[in-house]
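Listed below are the structures to be examined.
Two complexes come next, and they have one chain in common, chain A, joined by chain B in the first and chain C in the second.
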Partner chain A sequence: MSRAASRAPGANKRLAEDGGASQSFLSSSLRKLSLQQSQQHDPQSASRPADSSSDICNVCKSSRYLNPNMRFLVNPECYHKMCESCVDRIFTHGPAPCPIAGCNKTLRKAKFRTQTFEDLKIEREVDIRRRVAKAMNKEESDFERLIDYNNYLETVEEITWNLILRIDVDETERKLRLWEDAQKAELNPNATFRRIADQPEASQLSEGSHVVLKKGGTQRKALAASSGNTPDPFAVDESGKRDTGFVFQGLKKRKAPPAEKPFDPFDGWSIEPQQYTLQEVHDYKWLTAYDSDPAYYVGGWDTRDYYSRMMEEAFGGMCVFLEDEKVRPLGSGSVEIGTQNAASVAQGMKDVVMDDVF
Partner chain B sequence: MKLTEDVIYRNSSQFRNWSFTPTQLAELRLKTNIQACERVKANVARQRAQRAAIALDGGGASASDSERGNTPGLENGNGNENGNSNGGTPMRLDKEVDCLTVAEEMRLVDFCCETTIDLAKFIGLPSDVTATAVQFLRRFYLYNSPMTYDAPVVSRTITFIACKTDNANPNLDDYVAKLGKVTRDQILAPEYLIVQALRYNFEVRHPFRGLKGAHLELGEIARGAYTPVAPDTRTPSDLQAAITALPLPTSGAITDKKTISIENRLNNAYGFAANILKRTAQLTDAYFLFTPSQIMLASLLLADEPLTTFYLSTKLPSDSPTYTKLLTTLRSCAILFSSHRSYTSSTLSPEEQKAVKDKDKAEISALRKKLKNCRDPDKMDLVKLNQAQKRDAENASGGGLEESKAKRRKIAREKAEKEADDFWGPELGKK
Partner chain C sequence: MGVSPAVSPHLMVPGAKAPPNASVNAKTLAILNNSRATTPGEGTADLAEMMNKDVREQFVEGKFLGSGTYATVYAGHFRADPTKLVAIKKMRILTDYKDGITMDSYREMKFLQELTLHPNIVRLHAVFTSKDQNLNLVLEHLPKGDLEKLWRDSSISYTREDIKAWSAMICQAVWFCHENYVLHRDIKSNNVLIAADNTLRLADFGLARSFSEPGRPMTCNVITRFYRPPELLLGATHYGGCVDVWSTACVMAELAARAFFLVSETDIQHLSVIAELFGIPTEADWPGVSKLRHWEVAFGSAPPKRPQPLSHWRQRLPLMGDDGIDLLRAMMTMNPSKRLTARDVLKHPYWTNLPRPTKKENLPHGGDEDAEKKKAIDDLKRRGGDLETGRSDKVARKLDFGVK
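After this line comes the complex of A and B, so read on.
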């Protein structure tokens, strides 16, 4: 745990800056760490002269001098650099072990990419941070108190550095995965998740073992039983609670947003006639003849619409008595104003002149 | 949040802007008449003063004519134009203008409505377009006087507008050709003015479609296939028995027969009511005073009273106050129809009809003669008024402003031409 102690200042600074880890800070802290640590874990020695390593492919030893268009790719599984043609050659037919001696990771072609940062350690740290940030995406508003949020950030930083510095990787990965599944289940409680076992850890493969291209069901089961690091998200522990990997104090329970109501184009209004009910479409030739006339039905003309309009006009305003309702103009004087305007426009000195559009 | 058919009607522009009580209607017409009279008198006085001044300067009628011809932009070209047209019978300076009264105005407008119906029939427009045109005309002359805008001129344009609002869509050239002696400009010039005066309320709610609906429901009752609305508990067969047992009307659609099948009875009532709606209802103030549903039911009441009261009793309980009130309203509307000339004229003999027609003719020509002396001189030539408003009016009143605008436009045009030239390169110099 001496390493954990050594990175404590970094974590504190993260807390202070509230997640604002700039790249310069990253690289400087990494450089500090790389000075402190032995180099045994590093996939590629950063101390090697940059120009020679970047110009010669470690697999086929061809150099940029002979092939100026050479591109180097890395796989986030092990971050070993190799040229594009090697990737094509080795991985076109499916997953294969990394050709670099001593690295037993199984690589897939789809995962190869050009590196973003010159320093592969930074490339790796950024990948890990991205992954952790995707899983641990709580905000301050999700917590009840600031101290809870800060504790959460502390935990996140610890996970991140555990992964970066390869401390307790299995346990951290397991917890992180459990947490991810718990989050997913919370977001969508109706979904069912089928856990597909991860590929076995590189350490478990013996030196000469063949690459596993596809895992059969028995194999998968055996792996799950033996390794114990493929967690079941639906496993329930003794206390009756689902194991979510991490437990945060003061984390508010997520409230599902209210279900969207079906769209109502009339905004709650409905036409409910009092004086008539629409009967079945009547058998009248002058009305029903339109139903079989293509000139009408092709355009969507419906006898029932016309029927309903007829009835609405027959009784619309039947019980509106103008001598009662028009005594004082509704809308208090709007009619008067309109009258004045209309009169002055019609009789006045000038009609409304349209603006010159030119 | 329920909308009944009455609420829907109350939201229409017809209810909001074009429905009145009888007193409101009379007041409005009086007000319009007074305003129009004042305008006419003021304009005529101004014009006379102008002419007198010119006459004093020139020293003679012929000289003043030439003077007028040479100075079109003096104050108002249209006033001068009017002076020219009335040149033969110059108005005396001291004589007070004899304006039309409200009743005379209404008489003229009513007559114009009749001619509009005849004109639309001649052109071959459907009856709902005709009705819209007539209602537009009536609405227009609610806020305007025939002294200001001449009714026949307005009616031509209004019929054209009604065609457009009711999807009849005539070609303007065809329309003009059918009318004869009218130019396109004469139709189009007052269009904007009219539409303004109608306050852009293009929807007229007619009772025709409602009458069809009522006819349909009555037919259903007669067939025994109609279930009444909530408070009425009678079964369809009860209603069928009731409708066949109704006594025959004493007046209206069927008076000569002792017995008639229920189907024929309904058809007769429909035809009779539809005729009332097409002509009499258009020529009265019914659209201003009643709702289209009431107009429809009133016409049905005139056609077949027992049938209509029975039909109403299926809609409203007969002992409710609304029912009594509705029936009173319908009867007052029916009286409005039955007292109109067009309703009673069908019962007259041909000689009597001819006598009435001749009397009308004499009356109208007298009114038009009177109108000729009290027209508003400013609004005589609508085509010129319209042109003066247009963009490139040559002799518009605000001369200075127009000039600067014209200059600006000319510069812009030249610049555009120049740029077009630049695009294709400068012209090759001639050797």
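After this line comes the complex of A and C, so read on.
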């Protein structure tokens, strides 16, 4: 126990230093990459791990030194780090505002998780990238030309960076949502989405009645409403097409898979006699005698089986034509073998005298 | 096609390209197998030996897979294409069949050559003899085990859709046999194998025979007991496809219940197990039943018994649904002439009713997945550059401290 306690802070400190270094490097590279410098204030600064503060909970100030089992959690809403006991204490009874001063986000306990990356900026970027990649999941084969695909990829990257650097977040979010919904609607045209039914409510929401409790559809409505004079997401414009958020040139229209055929218990096979018709009863005295013989009918022996077999065997070789053999795909075997077989059969049949079959 | 594909005079067996000949002789078998033989019979003994050698050399025999009463099975592959796997079934020579081919290997060859076209029947690639006239059947390699292993494996869970898909495949195989006038006579979940693409293959035609002509009695001592229909247990010697339909229904019920459906210790006891479920047949619903050979022994003095009600079936086979139970009961009618034929079975609404059977690529399977996983783990454990087998495998590795 004491060993763990003495070792843990050291190890973490080293990690924190590493994280801090990589973070500063990354953020400088981010600035180089982005053409527009984000002017917004950075809420991350509060939770940016200082050298030694990463082991101290920012909310209750308890330190890992005293409690080696302490776990830190973050919420992807604002990425402020706090210890597990604080999360339990504050959020057990439902959503509550983030306890970090200056952060007004409403957080829910369910969303808290341990961070994967030491650097919370990277954590956030990975989350955003994951989300964007989920919504923008087109492939090269979905586009007509390579340049269209490249343009699409560029748009995707632009959306990603906009979200990461907090440029035009509301507008980008709105478009992304519209795109997600449009994709969903395209995949499943018969489904009705909850938002359509709730539509009038959404328009009634004003800036003042902005609800803090955000979940699912409400969250989306609130966002749509709060982003000012955004058009109704499901409004249909003059051309009769729904706003899909983004329009990509050269994007192929998704073809619906062909409807499934009803299940065929015979799996496409059919065996019907074609050169002859079977009668219900073929009246031969010696044969019908068996019909009334209990030794036969009790066991399920059926004269019909017998004479259908006799007919089949009498006519079986007829109407087998070389041409048919070539065309018919034979089981899972290749056509080549089939024709070979047919050819050898034909060769063998050459010297058969067909004059007096009967 | 005017006639059934199976009776058309060509064969899909890659090794055996000439039509099958009825003469059963190990020497002529070699001729059967050879593509150059246009008319069987013109080959001399030496030529036959040569042809047989040709076929034999198409295949490479691998490791031992298992053995049964009549045969030993080895893994193998085509010499030309090592990715194409086969199973080579070496038939045992039985002492009382010294100078011929055993009945079951003859039957297996004869019927598989005809029926092997159907996707739900095991494929026979070729037949050849090895030294001391030992028969080898080259069958398709089926790595995923059989249906019995599948329902016994409690780690595999399956649904009513899966049961429907499997049942449909078995019924198609049985139907195809019957359309070509072949009785399988040993349908059991043990004999239904699973191919690599999850299709079921009906195998083991060692007891198969063609439908009987009138005046020729058939043995009633066939079909594994759990799957044997009442008319055979009562000693009927003239029967038809109905015996296979009963066995098929047993397999389907077994899949749904994940246990053998009708279990007994002896043949007589099996009759009473059947009677427990279906009641004791009367002259009214099965005319002539009391004239069967074993009737007196089995039911002669028994008081009449009613069949179990529908609720019993529902409780026992909840996965079949009402239409499935209706089908099973029609397939297991005591009176064989009132039982559904294999064709009628496939026409039953159960197949087309919802839920739709699972597609074969989505069917659950056990098979060699575990073996693959184990192999992957072993592969990871091995050091880079090491090969799987080698003389030094069992020897402790020399420690390498990186000191040069």
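As a convention for this text, the second predicted complex is superposed on the first by the 181 of 358 C-alpha atoms of A that agree within 3 Å, B and C clash if a C-alpha of one lies under 4 Å from a C-alpha of the other, contacts with A are read in each partner's own complex, and residues count from 1 in each chain.
The criterion applied here is as follows: a residue touches a chain if its C-beta (ideal position, glycine included) is under 8 Å from a C-beta of that chain, and two chains touch if they have at least 3 such contacts.
Remember, predicted model here, so these are calculated numbers, not experimental data.
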Checklist entry - Which partner does A:D305 reach: the first (chain B), the second (chain C), both, or neither? => result second
Checklist entry - Which partner does A:E323 reach: the first (chain B), the second (chain C), both, or neither? => result first
Next on the checklist: One more residue to check, A:F315. First (chain B), second (chain C), both or neither?
Outcome noted: both
Next on the checklist: One more residue to check, A:I271. First (chain B), second (chain C), both or neither?
Outcome noted: both
Next on the checklist: For A:Y290, using the defined touch cut-off, is the partner it touches chain B, chain C, both, or neither? Pick first, second, both or neither.
Outcome noted: second
Checklist entry - When the two structures are overlaid on chain A, which partner does A:F263 contact: first (chain B), second (chain C), both, or neither? => result second
Next on the checklist: Is A:T92 touching anything from chain B or chain C once the two structures are fitted on A? First, second, both or neither.
Outcome noted: neither
Next on the checklist: Output check: A:N190 vs chain B and chain C. Expected answer is one of first, second, both, neither. What do you get?
Outcome noted: neither
Item to check | chain B versus chain C as contact partner of A:Q279, first or second or both or neither | outcome: first
Next on the checklist: Going by the contact definition given at the top, which residues of chain A touch chain B in one complex and chain C in the other?
Outcome noted: 269, 271, 273-275, 287, 309, 312-313, 315-320, 325, 330-331, 338, 342, 345, 347
Item to check | Interface residues, chain B side, partner chain A - complex | outcome: 1-6, 8-10, 15-17, 19-22, 24, 28, 31-32, 35-36, 39, 143-145, 148-149, 192-193, 196-197, 199, 205-207, 209-214, 216-217, 219-220, 225-227, 229, 289-294, 296-297, 315-316, 322, 325-326, 329, 385, 389, 391, 405, 409
Next on the checklist: Looking at the complex, which residues from chain A come into contact with chain C?
Outcome noted: 260, 262-263, 265-267, 269, 271, 273-275, 287, 290, 294-303, 305-306, 309, 312-313, 315-320, 324-325, 328, 330-333, 337-338, 340-342, 344-345, 347-348
Item to check | Residues of chain C that touch chain A when the two form their complex | outcome: 1-5, 7-12, 14, 17-19, 35, 38-39, 116-119, 168, 171-172, 175-176, 179, 181, 210-214, 231, 236-243, 286-289, 291-292, 335-337, 339, 346-348, 351-352, 356-357
Next on the checklist: Can you tell me which positions in chain A touch chain B when the two form their complex?
Outcome noted: 268-277, 279-280, 282, 284, 287, 307, 309-323, 325-327, 330-331, 335, 338-339, 342-343, 345-347, 351-354, 356-358
